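Structures for review follow.
First chain A sits with chain B, and in the next complex the same chain sits with chain C.
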Partner chain A sequence: MLKRVLSSESSASIIALIGVVVIFTLINDRFLTRLNIEGIIVSASISAIAGLGMTLIIAMRALDLSVGSIMGFSAISGAILLSYGVPLPLVIVAGLIVGGALGFLNSQLINLLRLPSFVATLATLSMILGGELLITEGATVTIRNGMSSRLVIGKLFGIFPWAAVIAAIVFACVWTIFHWTPFGRHVAAIGGDTRAAVGAGVNVKAVTVGVFSLAGVLAALAGLMVAGMLQNADSTVGVGAELTAIAVVVVGGTSLMGGRGNLVGTVCAAFLLASVKAGLNIANVSSKYEGLVFGGILIIALMADGLRRGTRRKGMLVV
Partner chain B sequence: MSSAAEHSGVAEMLTRFRTQIRIRGDRSGVWVLNAIILVFLAFWAPNFFNAGNIHAVLNDASILGIGATGMTILIMAGAFDLSVTAIMGLAPIVALMFPGNLSGPLIVLVSVATGAILGLVNGLIITRGHVAPFVATLGTLFAFGSLGAAISDGNAIYVQSPFILELAGGTVWGLIPYSFVVLLVVCGLCWLILRRLHMGRWIRAAGSNIRAAHVSGIDLQWVYLFLFVVSGALTGLAGIILTGYLSSAVATQAPNYNLNAIAAVVVGGTSLRGGEGTLLGTVLAAWLFSMVNNGLILVGVNSYWQYLATGVILVLALALGMIGSGNYVWARKEVKD
Partner chain C sequence: MAVNAFVEEAQRAGASALRATGMRKRFGGVEVLHGVHLELRPGEVHALLGENGAGKSTIINMLSGRLSPDAGHVELHDERVEFKNPLSARNAGISMIAQELEVVPTLSIVENIFLGAEPSKFGLIRWGDARRKVTAILKELGVDAEPSCIVGAMSVADQQLVEIAKAIVGDFRVLIMDEPTSALNLEDTERLFKIVRRLKAAGVAILYVSHRLWEVFDLADRVTVLRDGNVVASSSISETDINTVIRAMLGNKSSLIGDAGRPRRKAVDIRNKTPTLKLEAIDSGSLLRDISLTVHDGEVVGLAGVLGSGRTELCEAIYGLRPIDKGTLSLKGAPTDLSEPKASLANGVFLLPEDRKSEGIFGHLDVRENVILGYNPATDPTEVKVAPTVANRSSWRLGGAAPIAVPAERRAFDTMRKALGIKCSGPLSNILQLSGGNQQKALFARGALSHPSVMVLSEPTRGVDVGAKEEIYSAIDSFASRGVAIIVGSSEIGELLRLASRIYVLRAGRIVAEVETASTTEEEILKLMAG
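Right, the complex of A and B next:
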């Protein structure tokens, strides 16, 4: 059983997570306090949600660079709607629809214009960011809605942080979609071998629309949660989040070559990242070094992954 | 290319024009857009063509272009370098903080060397550590960025050397910035590498079919090490020029440089799949982005539209390229790959 866990694709992130927790607890036992753990869980849940969407996209051998911008846009939209007094449930739905629409836009650029996903989402990254700036005019939108904050940081039954509950529900949905529906299998099929998938009758365009829209919705959800947590939103929300999401997916064991998606690994990696950030914070290490640590973990995790897969050959794995 | 000529007399004329000056259909996007926008500017913002303004635009374009040229040959070999954003900040900071009172030219050299060393780190992770370039450079993007922030402690490091300030701001004949001259030299060198040295063939071979390249005996490790070192060095060069232009080095002085460089490469007509590419296209694309950003300001548009414009240009250029190559989905007569 242990062997199976160790050789699974998410082993790198699980081991790293355990290692990190141990190291940081040894450095400063404040690491294991409830407050810290809750903070980690909230932070990890949000990045896990965005990461899960990205996992499906990467499983399809595509990339979505606009995730960060979609997060920001939905955060801003949600904040503005709330400031106009729109009730929260409606705001949430609207925000998710906005995210889905932006994801749909991505998919159309890819389908109609036959742009590679890298380029299409690079373009939308810019366009959506521009949209954000035009709407906010560079200002920050504040939210005064306690409920939205409680839905993220507060706790269900006083024990489980809502953020984690939401993340768990999202995980269950995405897992079901990916592993138990034909759509999910098609996603992996397209990523594994597009020609074979086309030959087998997979509707690549429809699946593309589905995957990117879903990723958009999940990114929007993450953005809304960030806005709720911080009680404000501006155009810096989500900047760079797409690269972090890709890093989380990759550390979690999903290969950029597509064909498979490791959802559990993504969640583990999200926790890993959050733990590292919190641990560095508690160990009084300047947050400037976060990048160094996370970059190092990313590279080491992938070197280890290459070793495990036995794909260390002289020719390179080039994406 | 001939399928485009099937459509109409105008298209046929354009095709012949294109063939004569050897612009490939799928790379015509950047030419067309440049032409359209230049015409537009001639009418709506004629002060674009002032010497001082052209100087600024050329400078911007050159700084992006120098790094993008390195990125072009990397992409032609089938790799990416996402860490250039961080190198743009880190290399000049290291050069400016280097102990000992270094003269201007030496500081530039140190920046280039630092970039080269950082590129070497990238190359080693990829070739010896067997990590895919996309992910490896993603990791080094975080790591180098963090280093830059840590070393500079978040402060701006001021440039004292008049040489660097002159390099970044000075001009030839009052119009052409030195940075553009540097860009031309860099392009010339890269052209030499691509078309006159064996390395060029290896690069294109690696980009088209890496297994075939490996099996035919090309030392891929050396090729990629070389490429990442070159990319890093060029980024270090671009970085110190930008620093000179801004008179100070900040770790985050070139936000999104990696994505902008890749955008320039792609808009210029180089395929992300690798194996072929155009240096001229990259330079034209860098100019295009710079010109559009500048033009928007001159026309009096809110600077926030720049982001929108960048994205739209990216899409337009590629869509035009698709139409130009006869590959556009609505015009397809037969199923193309």
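Right, the complex of A and C next:
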């Protein structure tokens, strides 16, 4: 049992996480304060939610670069609706529908215009960002809704952080979809060998619609949570988040070549990266170095992935 | 596979299970099928033969819903059907085992077998059910693996067995098998044939495509031969024989028939000559033990052995793709370290890999680039020396940015193309558009351009049609007559008898015998291989 755990693809993230916690606590014992840990949990949960959607997309050997923009757009939409007095439950549903619709748009660009996902979502990244600026005209929309804040940084029963609860529910749903439904298996099949999937009767276009719409919904959820946490929204929400999402997926052990998806790894990596960010903060490292550190982690993760997938010829990394 | 009462009745009536009439197909401006008729009857194995390019793949892709015909229609049990995609054909009861494996390497066996047909309840897959069915079928096919095994980690033979399992799970009335035994050993093939015979008895109509004519004559009831997009012969197996069938396949190339199995060259006198390549007590990996062999200039030496005997591994070990843990490898008497392909090439050793798709050709490059890859005109002793200028420096050394090949490279490609008879619509045609035989010749050409002193050929005619096979044999003969030492590894004993003067038989990683071709028989070698 221990051997299986140690050799699993997510074990690297867990080991790294433990290491990181130890190192940062040694640097500054404020790392282990309740405030810091709660902050990490909230931040990790949000990026895990977006990351889980991205995991399925990467498992299909595609990419969604518009995740950050969808986050921002849904955050802004939610904030505006709240400011008009729309009740919170409706706002949440509306926000998720908006995310799903944007994801649907992505899938149509890919299916109808036959654009590679990289190109299609690069386009929608800009388009949606433009939409955000049109709506907000550059201003920040403030939210005055205690409930929306509590649902992110508050705690269920006073013990479990809501953000983590939401992330756990999302994880359970995505896991079930990915491993227990034909749709989920088709996602992995398309990524593993598209020709074989087509030969077996997989409807690639339909699966594309499903996967990108789902990713859109999850990105929207993450965006709504950010808005609730900050109690405001503007066009800077989610900027760069797609890269964090991709990093979280890759560091979590999912291969960019597709065919497989490590959902547990994604969640672990989300916690790892959130811890590193918080740790650097507490250690008073200038945020200018954050990029370098994350880049370094990404490189190590990619190298580990290459070594793990192995090569029959020594010295040659088969991509 | 429950016996279908409807099929039983149809069989009694002598009715047809699948009838294709007047099938035509055009690719680009070229018509590749000119009105083909094909009829499959329940409980019958119908073999479809033809050279590569004759139209076999085209017609079976149309029957299985992967391609749509430009003209003609298909009737399933006398009812007209039209398939828009592979799934609709499968749902109608037409199952296919594709030649190019259609397994997803990152998924498990059970996920692959039920891909597209997952048993589900309330939207969730019933894995328990699925695993049970898979365990049963794996046992029948002789695959020793758990249903949760990832297919990509399995051997090619096992992957092909998973592909076969995928096709025979569930209900179907027609089974199309396209080269289903290409990666299988004798044992697996026999097991498959048992299953085919059982399906026959259950009333399934089977279309069997294979280059292995003896398999066809062993298994089939009827045979249809395609040539250049036309049906040129169709009869029951008892009314014909191998030579007639080959003649029908090749048309005017009929001078190549008969004679298969007789060595065309005299054995080379190797007494008192230093072997070009000598292996002494070589151990490699977990399989090969105590391998000793020699090859001399101008000799063709064969390696016989079933899949798993170490034949492939030995070829790879010589070339440096696998480590040599113990023993000595000597070239021309001098111990040499060929621990990586670069060293082998530098020492004049060339390998034609067994799996050309993943180890040989560069699918995104054109034919010419595939052939001249690695070719350096400056070191070619047959190239006329010209003072180097920018214009004729190798385009590759300039960083590969030049779209036009340097004249020396163009010349080299042309020479090779003529010498080997590579059929392509031009040097710039994409290599994947060539037939298997021509792809193999292109790889041959690449090797020939490096002017090797030793050529190691692993399954050189796998997936190659009869005509191209003969041309490759001639090429091997001519290389041998020019003094190249050649090792040929093959699972086709007839091929080894035709090409080699000596044959080493491998079994379970060891050499169990060395025989002279002139004084042995196919049966004897088979016995040595099987142990």
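Here is the rule we use: the second predicted complex is superposed on the first by the 310 of 319 C-alpha atoms of A that agree within 3 Å, B and C clash if a C-alpha of one lies under 4 Å from a C-alpha of the other, contacts with A are read in each partner's own complex, and residues count from 1 in each chain.
The rule we apply is simple: a residue touches a chain if its C-beta (ideal position, glycine included) is under 8 Å from a C-beta of that chain, and two chains touch if they have at least 3 such contacts.
These figures come from a predicted structure and were not determined experimentally.
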Which of chain B and chain C A:296 touches, first, second, both or neither: first
Which of chain B and chain C A:97 touches, first, second, both or neither: neither
Which of chain B and chain C A:23 touches, first, second, both or neither: neither
Partner chain(s) touched by A:153 [first = chain B, second = chain C, both, neither]: neither
Which partner, chain B or chain C, touches more chain A residues: B
Partner chain in contact with A:201 - chain B first, chain C second, else both or neither: second
Which superposed partner A:191 touches (first chain B, second chain C, both, neither): second
Contacts of A:181 with chain B and chain C, given as first, second, both or neither: second
Intersection of chain A interface sets (partners chain B, chain C): 312-315
Touch list for chain A against partner chain B, complex: 65, 109, 112-116, 118-120, 122-131, 133-134, 137-138, 243, 246-247, 250, 256, 286, 288-296, 298-299, 302-303, 306, 311-319
Sites on chain C touched by chain A in the complex: 66, 85-87, 90, 98, 100-107, 111, 115-118, 120, 123-125, 127, 166, 321, 323, 340-341
Touch list for chain A against partner chain C, complex: 176, 180-182, 185-186, 188-189, 191-193, 195-203, 258-260, 312-315
Touch list for chain B against partner chain A, complex: 78-80, 82, 125-127, 129-136, 138-147, 149-150, 153-154, 210-211, 214, 220-221, 224, 259, 262-263, 266, 272, 302, 304-312, 314-315, 318-319, 322, 327-329
